[in-house]
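Same chain, two partners: subunit A is paired with subunit B first, then with subunit C.
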Partner chain A sequence: MKWDKQQAVDVDTNRAGVAMTETMGTSEEKLRYLRTQLHRAMQLEHATIPPYLMALYSLKPGSNLDAQNILRVIVVEEMLHLTLAANLLNAVGGLPDLTVDGFVPRYPAPLPDGETAFTVNLAPFSPDTLETFLKIESPVPPAPDAALRGTRRVLYGALSSGLGSTTDEKRFATIGEFYRDIEATLNQLYEDMGPDRLFTGAVDRQVTSNYYYSGGGELFPVTDIASANRAIQLIVQQGEGYTESVHDAEGEIAHYYRFYQLKVGRYYQRNDPPDGPSGPPLDVDWEAVFPVGKNLSMDDYRHLPEVRHAAAAFNESYGSFLRLLTDAFNGRPQILSEAVPMMFRFRDKFLQLVHYPLPDGRHAAPTFEIGPRRCGP
Partner chain B sequence: MLFPQGATKKTTFKAACETVHDVVIVGGGVAGAIIADELAKAHKSVLILEAGPAEDMTLAGYESYLRRFYGATSKDNQAPYPVNPNAPMPRGPEARKITPGQPATGGYIVQNGPFASDTTYTRVLGGTTMHWEAKVLRMLPEDFHMRSQFGQGVDWPLNYEDLEPYYELAEAEIGVSADVEDQQYLGLKFRKGYEFPMQGLPLSYLDRQVDRGIENTAVTVAGETHSLRVRPFPQGRNGIPNPRYAGGQGFKPVGAVNTAQVEIGERCQGNNNCVPLCPVQAKYHAGKTLAKALKRGGVRLLPQAVAAKVQLRDGRVSHIAVKHYADPASPAFEEGNIRAKVFVLCANAIENARLMLQSDLPSTSGLVGRNLMDHAYLLSWGLMPERCGTMRGTNCTGGIVDLRGGTFRRQQAAFSVDIHNDGWGWATGAPYSDLTLLVDDENEFGCDLRRKLAERVTRQLLLAAMVDVLPSESNRITVDPRYTDALGNLRPVMSYNVPEYTLRGVAYAREFSRLVFQRLGAADHTAYDPEDYGYVTYEGEGYIVRGGNHLAGTHMMGTSPRNSVVNTEQRSWDHDNLYLAGGGSLPTIATANVTLTIAALCYKTASAILRDLS
Partner chain C sequence: MMDEFSLPPTGAKSVPHPTATEGALRPTMAEFLAFSTDVTAFSRFELQGTGLAQVYLDKVVEVVGRDIVIRLFQAHARLPRTPPSDPEGRKAPSDPEGRRAQFRRSIFGDETLGPVARNIIKLWYVGVWYQLPPTWAEVNGVRAEDVTHTVSPEAYVEGLLWPAVGAHPPGAKAPGYGSWAAPPEIPKCSCEEHQHADHEGHADGLHERPSGTVF
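Entry: the complex of A and B
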């Protein structure tokens, strides 16, 4: 569909109007809140992708096979979650937009909550990076590592600079809680408004499994309360895992436990307890990693024209990718097939950068400084 | 799809020898996998003997194939698969010109000639479906009646209608991407309301350029006019699932197979090295079916176990003598006997025949090993007038299939023409050969080199005509005690000539390619080197014929023990509890790549075995 300036403005207005759910009276206010939170959900799901890609592409070719595959499958599932969040937003009449200024956070994105705060960096694969990933995907207890419990606070808020102030909004201890709030609001609205007034989005705006499928989960259209709840369940279960066991009902392992396998060097088998994977060993070679600089910015390349051009080209192509996703999520799902060659192209640019040694011994990397949408569609 | 962890180690050789299994299957390729899965559904105990090491379906195993392929200088069909002297396989680059009277013994297959074939099959878990192109054409209805309709070859003891329900099962298992409306031609019929599991893959840009060029072109052969168009091929690779499949139930594609949970449901990305190995497992391989079978329980897999002799007692098979080796690098092995109620050989047309002949089993018809068939490929290559995006794709998305059937089959072989998205690779070694040429001979470098390489390669058009070969008793596999492998098993000895009927088709296919090039304004660069091992002459013209790896005929199916080796259920006429499954059973190969028909027949065979066991 055509990009509609007026609608974009409406979305921003909605954001500004966000307040605590408790104080929201009318269904209209609650619906605006729901749409904003679903926008945040998209932003949150996307925000994990650049750090995970950075870790993935920092692995030297031919090494760290297990780590490569684990990181890769997680990135792919984050893309699924992003798309499911877009389906949810579309279902309730929202307008997904991945191009608003600040949609991609400027890393490091700090988590502003006291002593247990952590920041998410664009950093190479390392034990530290893995610890951060474990924190990102940290489940509601029980978790194998008690020290990690409850450390993630208001992650979405920290990563959501583009979506207005976080100070007077609800805070959530985990992504699970964040989604449970969405779930509660959604179901409340369903009771208040009924399906016809809640699910007002056109069905042809939904992205279906025609355009995405994965061994780890299925993409489906969100058209009613059942599919909406199912989408929320899937996102949460694949991420941190709602349940107390490592495997869910389909035998799939949540992201937290996938990462935990890298930490302890062993795969889980069916029926393993969370703290005791007993599957085959898994080799991690911490040395076979390009020493890419942490949180590099274009400024770091100011005296290196070739790197600057390559990094700018990457940001440009990543920006076009987000524009394409926005168009796809706004009524043109069929153009997602064009995203495939696009992803190959920015993967190549990504790899080109991480192979490039900087004068100080670190390697270059994409900066993910994605500018605002410059002009119309 | 999760390949059950430790599935290849669940049984030991000793334990396998001490058990009487319901069914023993020799070979973990597509035929063995389908039969095992069907039997497992009915809770039968099944043992699969696999000659290779069977580490392929682990993450590290599959990745090691990929690394070997990426690092190989020769990107041939077997490039990803390691050399294993204990279960050797033919490799294309081993093919040599044959001096009359002197067999070529350099490769695994000893070749008597006169034609030197570069045909291959892959002896690893998953079999030749690891390297196949995954083109899954049904045979035409007329293909089943070659003798009665055209006076050539033989009739099948089955017809298209008999096979149709099994084709549907095979298409479901392989997860075929195709649209019914594209596949209804030359009498090909589909059940009313039938839908393929996945939507057809789109034609490549190159296909569409060719289609535009041959618009309104027709050829007249044997008084019959055939108008031409480019049609998409049905493909055994993951595309967009068809929501209308199975009366609106839709289809769930099977993704990459792995022992660790790092799999994702890969769909085709157009990597363009389907042959010899899909890097993302979007292409169907028998490992996907094996993983399912092994998960059901009841199925055991014994790797590194090479069947050596099928033993009879009172006309029935009592056991198979097996050589089990501990290390592919060492010829040391232990021997044992594997017992079962029913035995199924699924080791491919050449290996099945080789094992039967090595076992010296009596045969009423004397046809074991005879009637060896393999499609004859004729390649023609030209340069398109403008860039056509060659090298994007999967290997092949479309082709010209209008000459798969027609009355001309009374005189000459039918053929199907593939448009290759990977340029002249098969014929000349492009794009590597183009790079060498530009650097060494034309002294290009830098930006000019990049530009010229792209300019040249993206205009390449390769037409591969897959020409029908009819059964001929003198085309055959035998064994000879002089030629053995590392374990002392007899190697296959091949005597083969391209029949004249096929050569007439080859000659016509060459003329046909010229016509297509002319319509496209393409410059014909085809040249057949008389020094090439595949060089043949017909009516004063020389051609190079390549093997198709579509092996068939060596234990042909028929109506009686006198005219054939197996019946329509692939059961040996001479041995009640022995089935010979796979391409060897096909009486003719017509112009369809053989795997889909093999898979279909195996569903029929599985029901027959279940009947035996009940």
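Entry: the complex of A and C
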């Protein structure tokens, strides 16, 4: 299925991505570039998960059921997007690696693709946190929200990460645009190289729904240009969505609009315009939240051996979770079943920290400090 | 902390309801956790990690009254402590057996404090306040709130009995599809892990999980 150009918006903001693709040289260079960008896509999808989990687990039990449900659905879909990005990378002969230094950003951080207009925090659920989430998921062109309409975000192709920076000049307006550039590169390479030279990844490296149960939607193998385009479209449609319509063809609501419901306290129903949800009201209790410290680090626990011990154990097991995903994405998809109980154990460890009152009144939280600290962007 | 407390009137058998009690003393969270780590064999972090420490302390005070809770914690504070390390880091020999015996004598054997102490253990392990035995009410008076009840939905979910046996509470904390294929993970008694790390030094040799020898 081809990207729907009619729906896909805003030729102006698309220009930069197209321009960069045109200036690139040989097919080999373009393929290297595509693999790098797909790796960044994985990093980008993952980078939203710790902040979303932090907001989710800061909600006090028995309260904020609407927010809990919305956040949980979105996290599950981000996992699906991460897996689809890995399938895309595998399809074009790349080697997914979630253990590379810097894969997990140190929060507060711009989104890992170098978005500099705002930073993302590990913070409890709050109006501020929700605003950040709306910025992360902001559709193209931006937002039914007037406050966001003026915000023109710039995504730099060059990541502040250990993944190398071959495209320092590259700028995208939104995450959707970032993916559109990937799509343009992919389709151009398909025309230049043909399927046999582009889709060189072994099919058995693909993660399929045999190995991955998810309420987040269909997981499918990427083996040709059609399934590759479909994967990209699914990621963008479920994530940021489009400004024209709240619901996609399947009646699903994109993440931006899911969060927007929490902001305005009302659910969308079918055929609602983006700025006017008219469904049932939705309760948000901003007070029923554990006062988790913002962007806590191990240093904050230096005088609290028990907390330090628990936070270090969490980081260590999160590191092994990323290693397990890396193995699964490199030819052993069957071990993904082990990742499931692992994730549920995180939840329990996560909650234990979040329940813990620090001496200064804030609550503890995982720090997501994985691997050695980077020296700079 | 608890050692800074002055003693309450001893031998008081008829304790007025907390709402009728005047006085500045109130049982502290630190005392409650010190006592609870001893009787549950879970670490302070694990107890706080349930998110229910305050709820349980409030519950005990609500039902039996502040004065009895203060007496309980003070009796606990008077138990012989593990002597601190000397400047060269050598630990003086502790006397866990002696401490256990005294624990039994002055707390679990006490007609007022014993049932309350046991109820605190049950609170932590199953999240239920059990009605105190009739003999307790005969001595201390009937309390309106003293009926068997689950403290809150979370109290069931966070009961220590689940981690103690490496299981999850049925209907909550789902461990994920297929996890039943793996053997349960029974955690090591955290007191062993944390004894040396516990900066406030409540290591005392009482801990054994599952709880048992003391009671």
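Here, the second predicted complex is superposed on the first by the 317 of 377 C-alpha atoms of A that agree within 3 Å, B and C clash if a C-alpha of one lies under 4 Å from a C-alpha of the other, contacts with A are read in each partner's own complex, and residues count from 1 in each chain.
Just so we're on the same page, a contact is a pair of C-beta atoms (placed from the backbone, for glycine too) under 8 Å apart; a residue touches a chain by one contact, two chains touch by 3 or more.
What you are looking at is a predicted structure, and each value in this text was computed from that prediction instead of being measured.
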> First (subunit B), second (subunit C), both or neither: which does A:G279 touch?
Replying inline: first
> Regarding the shared-chain residue A:Q269, is it in contact with subunit B (first), subunit C (second), both, or neither?
Replying inline: first
>> One more residue to check, A:H309. First (subunit B), second (subunit C), both or neither?
In response: second
>> Between subunit B and subunit C, whom does A:L351 touch in the aligned arrangement: first, second, both, or neither?
In response: second
> For A:T119, is the partner it touches subunit B (first), subunit C (second), both, or none of the two (neither)?
Replying inline: neither
>> If we overlay the two complexes on their shared chain A, which of subunit B and subunit C does A:V340 touch? Say first, second, both or neither.
In response: both
>> Looking at A:V73 after the superposition, I want to know if it touches subunit B, subunit C, both of them or none. Which is it: first, second, both, neither?
In response: first
> Can A:G62 be said to touch subunit B (first), subunit C (second), both, or neither?
Replying inline: both
> Shared contact residues on subunit A for subunit B and subunit C?
Replying inline: 62, 213, 340, 344
>> Which stretch or stretches of subunit C touch subunit A in the complex?
In response: 43-46, 48-51, 152-154, 157, 173-179, 182, 193-194, 197-199
>> Quick check on the complex: what are the subunit A residues that touch subunit B?
In response: 62, 65-66, 69-70, 72-73, 76, 209-211, 213-216, 218, 251-253, 258, 267-269, 279-280, 282, 340, 344
>> Per the contact definition, I'd like the list of subunit A residues that touch subunit C in the complex.
In response: 61-62, 213, 290, 303-307, 309-310, 337, 340-341, 343-345, 347-348, 351-357
> For subunit B, which residues are in contact with subunit A within the complex?
Replying inline: 1-2, 5, 59-60, 63, 67, 240-241, 243, 252-253, 255-256, 259-265, 267, 269-270
